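So that you can tell them apart, the chains are marked A, B and C in the order they are listed, and the count of residues begins at 1 in each.
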Amino acid sequence: MSEARANILARLRAARRGAVPDRPDWTPPAYGPDRLARFRAMLEAVHGEVIEVTSATWTERLRTLLAERGVTTAMAAPDLGLDAAWAGRGPEVVAYDRPVEAMKDRLVHDIQAGITRARAGIAETGTLVLWPDAAEPRLLSLLPPLHVALLRLGTLADNLSALMAEQNWAAGLPTNLLLISGPSKTADIEQTLAYGVHGPKELVVLVLTDL
Amino acid sequence: MPADRPRTVYFFGTCVIDLFYPGAGLAGMELLKRQGVRVVFPPEQSCCGQPARNSGYFDEARAVALRQMRAFPEDWPIVVPSGSCAGMMKTHYPDLFDGRPQHDQARAFAARVFELTDFLVNVLDVRLDDRGPPLAVTWHGSCHSMREMGVVDQPKALLRQLANVTLVENPREKECCGFGGTFSVRQPEISAAMVADKVAALEETRTARVVSGDCGCLMNITGAMARSGSPMGGQHIAEFLLERIDG
Amino acid sequence: MGDFTARAPKALNDPTLRRNFRRAMDGLMAKRALQFQDRDAWDALRARGAAAKARVVARLPELLEQLEARLTANGIRVHWAETTAQANAIVLDILRQAGARTVIKGKSMVSEEMELNHHLEAHGIAAIESDLGEYIIQLAGEAPSHIVMPCIHKNKAEIAALFAENIEGLGYTEDVDELTAAARRALRGRFAEADAGISGVNFAVAETGTLVLVENEGNGRLSTTLPPLHIAVMGIEKLAERLDDLPALLALLPRSATGQPITTYVNMISHPRRDGERDGPKAVHVVLLDSGRSRVHADPELRDTLRCIRCGACMNHCPVYSRVGGHTYKFVYPGPIGKILTPQLEGLDCAGDQPHASTLCNACVEVCPVRIPIADILVRLRAESIDPSGSAAVKGAGSMRKSLESLTWKGWALMHSVPLLHRLGTWALSRLGNLIPAAALPPLSTWMRVRSRPVFAPKTLHELAREKGYGNE
């Protein structure tokens, strides 16, 4: 198929060159002190929930919100320390510590909530930025019907442009980078919104306001 | 746009007005004249060339366009009682002659082209004194006047100057009436569906008349109205305005 | 050649279809309008997005090589296909080498171009569509009627009946939540057992070797994460030069498409599963498909077509599309973008009537987020379709030329560029035009099917202007 490559590139190169336009200035919006309010409004508008917590209160708040939803089995990275914090009062916490091939059944059928950290947030669109890794793999935020994400307020950016530049994403991206703005949804049937079509039906963001 | 009020303007009558709606052309010229402007109608003018251009006959369109460019030699504004023909001259003449010796001439010509209602509002700043009886009308803007000439509010501003006229806006005002020149006969079923919907939307205003700045749309819309037994009729805005100020 | 024209009446005379489209398009237009209320912000954003894609088109060969190098360095295998047949063969070969029997698919218009599902099924591999809309039309055995919302032509009752018939244990219900939950249940197992996932690509970033996919449902993430093998198929034009081109493009795409500020998921894939990672495919392949695109690229004016980011705003705002629906176009890409893309990919000899199926109303041009001059390209393609010179840029150029039509336009041009002929011609028309029997003029009788006959005025404006003293003095 290298012949196809050569032919395609040769055809493209044979074309008359056109001008390469400059990128005109474009400044996405900034929110100053209203950043969190914007984030909340945007995420709530797409059926997400935003709860303000602190590093002292979040584990307890998480425990109650899981209890309210009847969650008995949650999945989270062990270093979040939930088992220790809950001391047997919370749901069972399962670690995603083996390859998906060995976890598939539990992930697809059993786990009721996935708990992850967010690397950052974006106020403009009410978006979470996830960089899944070995401790918090990609499917953790996707297969369970409830996704709870922890977001440090200090990582909330105005917009995607600013965040990319600040964290120099172009220098090295993870295997998979995710922008998540709300629970899974579809409007394929008569433009009527329905949630949880393939991914979580519910997304709750715990914003750590002291971090 | 000329900062000073021009003393003389050219009038480009358009081929549809020439043959089917000469009253609209005369009314347009009369409106300009009453503003104290001398109006010149060069007899060598014919058609803007849009039918050929839109059908893909570029050589034929250029031949006709060149004839128009020669017919309006002085550096006077060229006022056109049709957003569609004005759009052709303003937007597409320069494109048609891109890379050809007449390109600069086409650009200079295009810069002098004005749609009638835009000229009345933005250049002449007209004030209309309505002497007609109370009447409700609705407005149809042509696609090219809106999207090529940026003429959206100007004609409505003129209608709103008329004290006894109520402008009732219609739903889907920005949707095409389905004329599209040769489209109306190349795609007759789609065109028929579009104009039927347009007539229904205009009838929803429960006004007696649709006023428009483009006779192509009017021929299509009023033709469908007449054929379907609609109680509505239509009129070019120049004729309508003149009728109102004459009482 | 007259296919589009011949198919249109069927759709026009289907009141349910007309209602379904009208309702859907009205909703989409209203939602998009809410996103771009600030005119200046829209202009600036759109200028940035248009420039980003114009740069891609201008630098396409270099950027493709850069993309290939970065993807390869990231461990993603790159394949090139000149034709859809080659692309199908590549995909099949990858699946066979992996021993894959079942495939779960995310939404991809390029895979529709390839008719990939048919190809795989013919070779014993089952391909299940997982986007809800695609799943619905796969059950119905139909093709998508819209590039963003494939089953937009169907209403709730039609889908309820389809599901009741096809999904075990589900009775007839028009409850959208129940229908959606049924699809989730039906597809979950399919995801878990699939040997491979196939997806499209919204933007492939040349700078970093990253595949960007946008979606709301999560099926795209599942298709590209759960199975051990991921194959992405994409047209060679779907690139972004740099990562920082994404913010503008991502701000334009979903807002133009469905009026959403952002899709639920933006899925950026840069590597297969790395050592120590728990999930993600162990192998990722990208198939770059030409299939006529390099030919579109050859022409400096027509190549603007390749800027398209497939948002569908042009069709949502098209008065023709909203009345005839997507299936009337027959080819994969309907609406205004289809009218300019299909004739270039398939040839004017088989889709030459599509550029004529437009009033040139410019509604599409007004909303296109990357400023594709759709109306100008439509007109250019009309010209190509009748261009007798052998050097024409488009496949099938000149195929619609009719000598009587050409002669008529020559005569028309003569009449309108020689003042004496114009004077004689218009004099005759104004005196005799109303006497011509409609039957003698087919366009006139066509016009008069739903409209009254246009009446020539007794005197032309030229004559009246002269009488009133408006002539040159």
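Everything below uses one rule, namely that a residue touches a chain if its C-beta (ideal position, glycine included) is under 8 Å from a C-beta of that chain, and two chains touch if they have at least 3 such contacts.
Please read all numbers here as calculations on a predicted model, not as lab measurements.
Q: Counting only chain pairs that touch, give me the topology of the graph as line, ring, star, complete or other.
A: Topology of touching chains reads as a line.
Q: When all chain pairs are ranked by how many C-beta pairs they have in contact, which pair ranks first?
A: That would be the chain pair A-C.
Q: Just the number, please: Cα centre separation of subunit A and subunit C in whole Å.
A: Using C-alpha averages as centres, the distance is 30 Å.
Q: Using mean CA coordinates as chain centres, what's the gap between subunit A and subunit B in Å?
A: The answer is 53 Å.
Q: What parts of subunit C, by residue number, touch at least two of the other chains?
A: none
Q: Using the touch rule from the top of the page, what residues of subunit B touch 2 or more other chains?
A: Not one residue in subunit B touches at least two other chains.
Q: For the complex, give me every residue of subunit A touching subunit C.
A: Residue positions touching the partner: 1-2, 4-5, 7-9, 11-29, 42, 46, 96-101, 103-105, 108, 124-127, 133-134, 137-139, 142, 159-161, 164-165, 169-170, 173-192, 194, 196-200.
Q: Note which residues of subunit C are touching subunit B in the complex, please.
A: Touch residues, subunit C against subunit B: 5, 8-9, 12, 319-320, 323-324, 353, 356-363, 365-366, 376, 379-387, 406, 409-410, 412-419, 422-423, 426, 429-430, 433, 443, 446-457, 459-462, 464-466, 468, 470-473.
Q: If we count contacts the way the header does, which residues on subunit C are in touch with subunit A in the complex?
A: 23-24, 27-28, 41, 44-45, 47-48, 51-52, 54-55, 57-61, 64-65, 79-82, 86, 90, 130-133, 136, 149-151, 155-156, 159, 176-177, 179-181, 183-184, 187-188, 191-192, 207-208, 210, 216-219, 221-222, 225-226, 228, 236, 242-248, 250-251, 258, 260-274, 276-280, 288, 290, 294-295, 297-300, 303
Q: Report the residues of subunit B in contact with subunit C in the complex, numbered from low to high.
A: 11, 13, 15, 17-23, 25-26, 29, 39-44, 46-47, 49, 51-61, 63-64, 66-67, 95, 143-144, 147-148, 174-176, 178-196, 219-220, 222-224, 226-228
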